[in-house]
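Let me begin by handing over the structure; questions about it come next.
Residue numbering begins at 1 within each chain, and the chains themselves are lettered A, B and C in the order written.
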């Protein structure tokens, strides 16, 4: 019983990470209609920035998280402006190819600076809970709580603030939003920054639990894409729900069946679903 | 040009340069294959490297585990890869626009993990080693062509490079090739003139994976060892770079890309990680300023000069 | 009376809650020029998309030469002998005029991949014939001097000509032209009209969507008037232009009232 509960908690934790990453990705897609292939690499940079700030400047964990968030917000806006924006008029394939270039730069940049070794990440707190036959480190709780709070905050931001309304409007109908006087380019850049910042938070939260390494973005981004394709590209709800479902499914499957072929199974499901319904389960009709 | 290629190993001696030439040949075949689905049919297959790996493993396993001769294993390996390409192409090519690259990327990762973890079959993380070179070909009068030496392998690869170029150039110049180009140009318009775009995409994808498998099979026989890395998406990225920088949608582009970029990569080897950073930067710059690569740029320059000199 | 080429019965098309086409029935006979008119948003292009398979019908049936074509994919409908152009001039822009005219032909879509890779003599013969036909088509549509120009570099009028030529290349029996003279100047209109008339003379039935009333009245044998996705009138040009409902749909109730009875 304890094992099951522990597994479920782990699943929710993993789901929180996936949800945040997928949410960032889906926000970016909703506004700019480009799947940000480099999202995983940016996620990885988020973790390393926090790592850098903590280890070389001795900054406490929470401050590092915020620093990383801000840094990646700005980095995201920079990338949108410099790399992606000139390519909007070209076919989508070219944005993908540019993203591949970005991934190469970011992953190998991290490799060059920090080396390929897996690094240990200092924890926010080391308390360990024992309850109901489970052993949970506080870090996992922190992940889940922070994620939920952030997701709710983001939802409120979009629904209740003017900037949020502008984001919503631009993602629904770019031209219409422009006609209403919204600076869609700026909104696009900000949204990109937001999505990237979310990824930074996710990475920093999970870093103490899993080790960090330069290619850590790969599997996460692939899973995030599975999630938003299944949940519907551009759908807030789909990304969050999908994230938790996949997180739970992956953890349960790993624990009770085998860790070996989890990824293959999940991607296999993706390919199967796309074969049947090429626009994803709840997709916006684009 | 062909003459130079034929006598190249006699001029360029030294194990290392000759090794590079063989590898370039293999990359050229793989890049030509990628260009077929990407440059001529307009679909970005990010699992291309994975199919290269599948071809490599298929041929290697047929030789090592079943004991077939390389000359039988290679065509079988290619057929197997093409078959898998066909099977995976059916569901994935139904997706529209953005979804296809993502789906192939996920597919590539899934197969990579499969190869990396299926210890019994593929040797898992350790990989396969001790793969033999192709069996010697007997000639009349009792002598043989042996493939132990690098120059011999070079000629083998060169042979297949020429075959690939021949087949591909016939295809893209033919009416069937025009179908593929139409699919790349505008799928709806192609449909409206009666072209079965789904069929075209699947055929192109299958042929592309077949030649990827060919390159992979040659790789495994030449290198003698094989690791899961040969099926990683990083390989897909590298070949994408060769095609994009060389010139997408042209015959010469992948050839130029497949020769100069690996050479550039080797030269920059001491820079290790920076090499790939440079390639990444190059990719972004190319897509932004020279989307048709070197060949495209040369053509545009050529047209520009022709216009200016008043030629009609 | 000549044979019925295309027949639509009870067509309905809904997008979510929006009904774009409602209970539309009409028929096109062989050899005629059949025009579809109506204000913006009345469903003309949607009707084209339904007939050519680019949109699925919600209800209703479409028959071509007596055969049911409802629900077929666009390329299948094209192969039955129906060709179309698009409202927004759609061409293979990176390819030359000649290439465009080669791509559109039946020979292109039927040529085998395997035989092409083997370089069979038969394939080379097909290519040669397709090239010759492309030259003839270029002559026919009046673009013989621009054969090697990339389609995207042509002026608007020439692009319209080429898009018609592209549709013609597949040797159709019925051609659906969506605003063939949209956005072109007066001289180019004459050239295009002349082309369309020549195509009809060569035996192809034509159905066109057009806004320019002078053109429509001039060349049509029969007109279908739509408004809000429904048929408002169908008949000869004289009948339709006098029909009160048609006038109302374009000019509004007040105009009709002001004119009084005719």
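Basically, contacts are C-beta pairs under 8 Å (C-beta built on N, C-alpha and C of every residue); 3 or more make two chains touch, one makes a residue touch a chain.
For clarity, every value in this text was computed on a predicted model and none was experimentally measured.
Comparing the centres of all chains, each the average of its CA atoms, the largest separation from subunit A belongs to C.
Comparing per-chain C-alpha centres with the mean over every protein C-alpha atom, the closest match is chain B.
With centres taken as mean Cα positions, subunit C sits 42 Å from subunit B. Subunit B has its Cα centroid 32 Å from the Cα centroid of subunit A. Rounded to a whole number, the gap between the C-alpha centres of subunit A and subunit C is 47 angstrom. Within the complex formed with subunit B, the residues of subunit A that make contact are 33-35, 37, 83, 86-87, 90, 92-94, 96-98, 100-109, 111-112, 218-219, 222, 225-226, 229, 233, 260-261, 263-264, 266-268, 270-272, 274-275, 278-280, 286. Residue ranges on subunit C touching subunit B, taken from their complex, read 52, 54, 73-75, 78-79, 83-84, 86, 90-95, 99, 102-104, 106-109, 111-113, 116-119, 123, 126-127, 130, 166-167, 169-170. Touching subunit C in their complex are the following residues of subunit B: 167, 170-171, 174-179, 181-182, 185-186, 188-197, 203, 207. Those residues of subunit B whose C-beta lies close enough to touch subunit A in the complex are 38, 42, 44, 88, 90-92, 94-99, 101-103, 105-107, 109-111, 113-114, 117, 233, 237, 240, 244, 272-277, 279-284, 287-288, 291.
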